[in-house]
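Take this structure first; my questions come after.
To keep things simple, chains are lettered A, B, C and D as they appear, and every chain counts its residues starting from 1.
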Amino acid sequence: MNSKLIMSIAVSASLALLAAPAQAEKVASGLDAKTAMIVKRDFLDKGIAKATRVNQDALQAACSKYVDNPPTKLKAKLEAAETAAIKWPADGQYMGDWQAGEKLAQSGKGMTWSDKAEDPAGGNCYNCHQLSGKEIAYGTIGPSLRNYGKTRGTGEDVQRYTYGRIYNAKAMNACANMPRFGHMGILTEAQIKDLVALLLDPESGVNK
Amino acid sequence: MSKEIDLGRRRAITTGGGMGLLALFGGVSLFRPGDALAEWNKPAFTSKAMDEALGSLGATSPEDNSVFIQLTVPEIAENGAVVPVTVSSSLTNVEQISIMVDKNPNVLAAVFTIPQGTEAMVTTRVKMGKTANVVALVKADGKFYRTAKEVKVTAGGCGG
Amino acid sequence: MAIFYQGDQMKNKQIHQAFMVLALSMSFAAVAAESAVTDSERIEQYREMISDGNPAEFDEMRGEELWKKPGGPKMASLEKCNLGKGAGVVKGAYAELPKYFKDTRRVQDLESRLLTCMTTLQGIPEEEITAKPFASAKKASDISSLATYVVGQSKGVKMKVSTKHPKVKESYEIGKRIFNYRAGPYDFGCSTCHATSGVRIRMQDLPNMRSNKKDAQIAYTGWPAYRVSQGLTRSFQWRLNDCFRQQRFPEPKFASEATIALTTYLAVSANGAEYVGPGLKR
Amino acid sequence: MGNPMKIRAAVKEGVTEVKILMQHEMETGLRKEADGTLVPAWFITEVKAQYQGRTVLEAQFGQSVSKNPYLMFRFKGGSAGEKVTVSWVDNKGDNRADEATITG
């Protein structure tokens, strides 16, 4: 075998090595584009759920593209943007009525195409979290929040942190499963305060 | 079968009309006038409270007995629309098995007549509006026995 | 968003659990046993108790009649419908769907293929079928009952959906992307609930369909299913439709490319498992 | 006439086990439509199972029995090839009768 041939094999091999990932990436981005086209075409308005809901914001797009694991830098950038957008209560109060909070936590309703615009949205909390000891039908997608206030205390820093976490869970973890209840207008400021109270009030079932 | 019950059955047929039609269309019915069941126990099935239902079944003070009655129900029901219930009894001469749900709007769900030669065991499925006690009532040798078990009816799915 | 509940067919585990419960409650450690039975196990026990006598069988009967009876403007039956294994072959057809069909030049799932047959063989206008493709308490759905019949004919057949055809491969890849597609006011995607093992929503265990083969198999092969909470037999297209409703998405068009792609992704993930539907669910 | 039932009857060691699944809405009369109107009560009131002209089970149902009622029971006797007949009537006077062959 002459050296020229060896050389050319080596060159083509290294080219192939270079080309393979580039090609794969091209295919992948082609599929991403095709998926976006299909989703935009095949999802239609129904009731209050308009077709435009499939249009992603920067955060949704990044979490989808990177399958909930975006590069560190991008993740930090997304979290910073979400944090900056949190609207804190003007009155500086974070706690509402824990009993109203319990009711909200129980409800999984709101914003589906079978709900009406005027139907109040629930907090969906028990779908994913353990809260009051009395409710045995709780989900485990999120961490248990049993004794949340008891273990963390009820200081203003904890209140503020909790408010922010419910308002926009993505400010702390860009691709968290939890919806951005305040940011997306799912719950009102007063409702979020009720949920903060549910978690922190010593009288709440969460801490009993 | 008493004449009175027979008459009741005939009345139901004349007023209902459905069965007459069926006969015309050639439907096979086991519910021929001369061959009727005991009449549907309306007072018992429309009872709103346990005592009332027991009274209507002629079982005012049944003996609590979980040894001779086996009541099998799930501890938790994922959905109240279908709650499986099995009642069996080791008592001799079991004539009747009834199933009740203490917090349902109509507490009595079903009454089974067990003829000679049929095992004292039935399985069926009942609806439960919320967490409540399922009560099994067994009549053997003319005497009533009862046992109860709680079934927790939970919120299922995402509730949306 | 309890979309797919884990199967009712975990008999061995059941028996084992029942034995454990029995053994423990008979022992002197009866008090300790109380807490040894988890709520998830109690739910499994409930499912086992209702697994006998599935009303989906009535929908299978209805579907079979519809399949064999001449209907539509052309007064034709569906007995010449090609579900991928040749005209009229129903046995085992569902276990190989979705598939690429030459006549329509696209990948089709069972319901979109039934739609093709109903429109071409029977002459029923497509809009007439797609206007209300799902059963309701008031009105049964023909296409849905037909689907129940067809899937029942794959009972006991191993799932083998081939991705050899480039179009099926592409459909799978797009389906995977739709599975991970997060959008809407809640930022939900299928993956929000179905990409982690061992979690539940309320009391319902959620199968991880992204990376747990067994979960994906149990979930897929249990649908279509009779839902006791609704008293209706639900098709796979309905299953996806209601997922998207709870994801707060707009409505996916019936038998659209998006729903077929997602079905391809999920069906391929279930390959190798025996099809056991139609199932019986909460 | 009501919709057909599914009946399975199997004999084992001299005892026949019968499983019945009926098709019926079993409306309680308490459920409301979306527009608030009450859905009238409509449910099976009586069920009867017979083997060789002999009644092997009688049942009376109230509104609390689940939609598409299910029943399971056992009686002594029966052999493969013989028939078990089941019939029901509902509160509107509709009825249905079906039979099944006992399997071994």
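Everything below uses one rule, namely that a contact is a pair of C-beta atoms (placed from the backbone, for glycine too) under 8 Å apart; a residue touches a chain by one contact, two chains touch by 3 or more.
Here the structure is a predicted model, which means the values were calculated and not measured.
Looking at A-C and A-B, which one has the bigger number of contacting C-beta pairs?
A-C
Computing the C-alpha centre of each chain, which chain sits at the greatest distance from chain B?
A
Suppose each chain is reduced to the average of its Cα coordinates; what separation in Å results between chain A and chain C?
For chain A versus chain C, the centre distance works out to 27 Å.
So, what's the distance in Å between the C-alpha centres of chain D and chain A?
49
Return the distance between the CA-based centres of chain B and chain D, expressed in whole Å.
Whole-Å distance between the two chain centres: 13.
Enumerate the residues of chain C that touch no fewer than two other chains.
Answer for chain C, listing residues that touch two or more other chains: 1, 39, 201-203, 228, 231, 245-246.
Can you list every residue of chain A that touches 2 or more other chains, as numbers and ranges?
Chain A, residues with two or more chain partners: 112, 126-127, 136-137.
Residues touching two or more other chains, restricted to chain B: which are they?
Each of 76, 81-82, 125, 154-160 in chain B touches at least two other chains.
Please output the residues of chain D touching chain C within their complex, sorted ascending.
3-4, 6, 19, 21, 23, 25, 66-68, 70, 72
Of all residues in chain B, which touch chain A in the complex?
Chain B residues touching chain A: 76, 152, 154-160.
Inside the complex, what are the residues of chain C that reach chain D?
52-55, 57-58, 61, 228, 231
Quick check: in the complex, which residue numbers of chain C touch chain B?
Per the touch definition, chain C meets chain B at residues 1-2, 39, 42-43, 45-47, 49-50, 201-204, 228-229, 231, 245-246, 282.
For chain B, which residues count as touching chain D in their complex?
12-13, 16-19, 22, 25, 27-31, 37-38, 40-41, 45, 81-83, 86, 101, 104-115, 117-119, 121-128
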